[in-house]
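Common to both upcoming complexes is chain A, partnered first by chain B, then by chain C.
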Partner chain A sequence: MSDVGFHLAFWSLSALTIGGALMIIVSRNLIHAVIFLILSFIGVAGLFITLSADFLALVQILVYVGAIAVLMLFAILLTPRAARDNEESLMRYPAMILMGLVIAAGVFVALETDWGPMREGAIGTQAKIIGESLINQYVLPFEIGAVMLTAALVGAIALARQDDEDLPIHTASLIEEGVLPPPDGDAADAPAGPGDDS
Partner chain B sequence: MNLPAAEWYDLRDLNGISRLITEWVADWGPDWLASILTGVIGALGVLAIIGPTLLILIWLERKVIARMQARIGPNRVGPVGLLQPVADAVKLILKEELAPRAADKWVFFLPPVLIFVPAILIWGVLPFGPNMSVADLEMGVLFLVAISGVNVLVVFMAGWAQNNKYALFGAMRVIAMSISYEIPVVLSLLALVFFTGTLSVNGIVLWQQANDVVLFLIFPMSALMFLFGSTAELNRTPADISEAESEIVAGYHTEYSGMRFGLFYAVELANTLAISAFFATFFLGGWWLWGLDQWVPSWLILLAKTGLMYFVFIWLRGTLPRLRLDQLMSFCWKFFVPVGLVFLAVAATQRTLLIELGWDPAVALPIYAVINWGIAGAGVAIYARTAASPAQRLPSRPVMARGRLGGLRAARELADAGSGD
Partner chain C sequence: MTISLEEYLIVGAILFAIGLYIALSKRNAIGVLMGVELMLNAVNLTLVAFSRFTDTGVALSTQVFVVFIIAVAAAEVAVGLALAMVVYRNRQTVSLDRINLLRW
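Up next is the complex of A and B:
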């Protein structure tokens, strides 16, 4: 890896990431903040590429940019008045203290970690290695994650689902008006019902 | 590949030229200059394909759809109307570009430019020949999926910034549809990845070449899922509810005028072209065609297949009426997702039988094809019998909306419910 290109990429991507992160805090409009957050995510994906972690970079874009950011945009859009302004809040000072502690912890971890293995460079076909370790070594966490995701999916459907009584139109009234075929399949005068046609 | 010696004039390996240039630069220049030059050459090559092809494709699309609808189509500007796209482009450039006063200025200006980024980037992993892609990524399929997901965000920015409810409706529809149909597209590609055992786009083509078969024959349902799922992600006609003119003006680009609208339009066509090329690569063998690639330039074969797939997209657009939002959603979630999961298991099983038990591909692949076509047919039949809205052969009266929601009747029922209980 040539030094000039690497440094160019590293510094510009770092500027993108940190600049985006700063603008999240500075911008008063929440939608703008999310857009800057996406910019920051893309910068992090680029940094992963400079570390030869292509798989991680692509997953970063796929999950964070493609899914989580969209989810955030939806959440902001569906929250009344949230899209207009980011107002003053009494929780500012506790949040500042908390974030200070988090940053301190991050710096501590970064300083204390042994970065030796990082200098050895990439470790070959990452998708294959990740897949194999997910199926062999980490199969239990993998399965637990899968079950949790399924449970979340089922829970979301259960929450969002309307019961049949709550629907504004009853199927019965539609059947009365002849819009829907009667359930027992009266083929004489009703139009062909489900399963009648070949 | 046992290509003939790659001379600079050999059309079969255009990559030879760019390799010569980059090697020449690497001789005297620093490394990073050669890398940058490779990127620039690749980007220029991609742009050189997209730009002129777009102009021809616009004309082709209008002409073919006109024929399908028993019209003549553009025939005034230039011979057989060939210059019509140029005239349209000039008109769009000259038109005044308006911006709503209440629009969010920066977020309004950015999307027509930003939407080009994913549209150009996905061409990077497309192999035009054995060694002929801008970046033959080890994880090309994942790259394709990840990059085409970024489109959604740009569309959302566009729809939100205009401060127009129709634009926002359009953007919401695009997001709901793209996120839903991303699942069948990913599932179909995942089945291919399971079966061929590679995440590289070129690797999938090489697998088809090694086994002398196109994957369309083995995974028909994955091909259908990829085709229709991409139609939905591209907002093309059977699934273009995001810009349904009869409902929400022009969807997410309602307030964009002049060349800004033109850019959205161009990117839509470029994406369609790219998806046609990727369909040709994944399911029709890409640059490979039973040995013909030894005699004809491989990129020409790919372009021919791409053109064929583009015609299929036009055909779909000219034939099928627009689906309703709930029909699209239930088609995705009740049909494509279960069938896609079934085919994921099928592909994994068949791959295991092929590799672990050492079955002969020449015997196993035809059997797999028969089995998979059978499963696909059974899936379609089961869906048509159970979950699909029933077909009426002889409706006794015009029926517009047969779902449970919508229309005057819904309003009346609501009013009744409010006053009654």
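Up next is the complex of A and C:
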């Protein structure tokens, strides 16, 4: 565990992770903040690899970079006037003090505690064992997690769906077929609205 | 000096603290969600570091827990971003200082 390559990997990945997280604080544009968040996620995935957790590193890239970051980008792009700026509120100074306290407490606990006997050498390949324990030992949490994900996604879609309540569906289809004249009010203005901002 | 558990724990603590700072101080609701994600990542890093370095015989159970945490984080961010979109549709803002309808 004392070879140069491991040191290099650990320190550069830690710098990537923490530097990316710090750049989220500094960057003014929220889209840049998401890019730095992706950098930080990739750094954590690399740290997982140095901890011989290769399956989790792949899951990290797949879920965080592939899904969550893209979802955040979509949310930012769908709330256009909502201040792309990434300003800080007046809670900045108490939060800074709290951050310092948490770092101090974490470093103190990490250095002062006797963590017991340490494992020597790396863990082997885990994807097979994790998969088997997910359907044997942890099958109930696995199913609960599946139900939770379904409920969360259905809830998210139900929340984010735009109801067109003053224009029922059959009326809209009739307008499309040319049976009814298009309404002159907000429906005609709606496509032009977002274009004005850019 | 060898890299062992302590270094990973310190990195996790710093990452958690930065996430906490972002979640508390950002004005934009999506920025706050980014801070929450960073905190969850720091917790995952700490758990994986413990599973790698401590000799307890349940190393892969820890990694199963991390898989569950990642699933919960994905569900949380989906609902959170949907809420941010609904708030934006109703109030034309996601700034947490201006969402004050229920303020006393």
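One rule holds in what follows: the second predicted complex is superposed on the first by the 111 of 198 C-alpha atoms of A that agree within 3 Å, B and C clash if a C-alpha of one lies under 4 Å from a C-alpha of the other, contacts with A are read in each partner's own complex, and residues count from 1 in each chain.
Note that in this section contacts are C-beta pairs under 8 Å (C-beta built on N, C-alpha and C of every residue); 3 or more make two chains touch, one makes a residue touch a chain.
What you see is a predicted model, and the numbers here were worked out from it, not measured in a lab.
**Q** Just chain B (first), just chain C (second), both, or neither: which does A:A67 touch?
**A** both
**Q** Considering only touches as defined above, state whether A:V107 meets chain B (first), chain C (second), both or neither.
**A** second
**Q** Touching A:P94 in the superposition: chain B (first), chain C (second), both, neither?
**A** second
**Q** Under the stated touch criterion, which partner chain does A:P141 make contact with: chain B (first), chain C (second), both, or neither?
**A** A:P141 contacts chain C only, not chain B.
**Q** Answer with first, second, both or neither: which of chain B and chain C does A:S14 touch in the superposed model?
**A** So A:S14 only meets chain C here.
**Q** With both structures placed on chain A, which of the two partners, chain B or chain C, ends up touching more residues of chain A?
**A** Of chain B and chain C, C contacts more residues of chain A.
**Q** State whether A:D54 touches chain B only (first), chain C only (second), both chains, or neither.
**A** So A:D54 only meets chain B here.
**Q** Give one of first, second, both or neither to describe whether A:I24 is in contact with chain B, with chain C, with both, or with none.
**A** After superposing on A, A:I24 lies in contact with chain C but is clear of chain B.
**Q** For A:A152 in the superposed arrangement: first (chain B), second (chain C), both or neither?
**A** Touch partner of A:A152: chain C, not chain B.
**Q** Of the partners chain B and chain C, which touch A:I38 in the superposed model: first, second, both, neither?
**A** Touch partner of A:I38: chain B, not chain C.
**Q** Across the two complexes, find the residues of chain A that touch chain B and also touch chain C.
**A** 2, 55, 59, 67, 74, 126
**Q** Using the touch definition from the top, list the residues of chain B that touch chain A in their complex.
**A** 30-32, 35-36, 104, 107, 137-139, 142-143, 145-147, 149-150, 152-153, 156-157, 160, 175, 179, 182, 199, 385-386, 388, 390-397, 399, 402, 404-405, 409-410, 413-414, 417
**Q** For the complex, which residues does chain A have touching chain B?
**A** These residues of chain A touch chain B: 2, 4-5, 8, 29, 31-32, 35, 38, 54-55, 58-59, 61-62, 65-67, 69-70, 73-74, 77, 125-127, 167-171, 173-174, 178-181, 191-197.
**Q** Would you tell me which residues of chain C are touching chain A in their complex?
**A** Contacts found on chain C: 1-22, 24-28, 30-31, 33-35, 37-38, 41, 44-45, 48-49, 51-55, 59-61, 63-64, 66-68, 70-79, 81-86, 88-89, 92-97.
**Q** In the complex of these two chains, what residues of chain A are touching chain C?
**A** Against chain C, the touching part of chain A is residues 1-2, 6-7, 10, 14, 17-18, 21-22, 24-25, 30, 33-34, 37, 40-41, 44, 47-48, 50-53, 55-56, 59-60, 63-64, 67-68, 71-72, 74-76, 78-79, 81-83, 85-89, 91-92, 94-96, 98-100, 102-103, 105-107, 109-111, 115-119, 122-123, 126, 129-130, 133-134, 137-138, 141, 145, 148-149, 151-153, 155-157, 159-160, 162.
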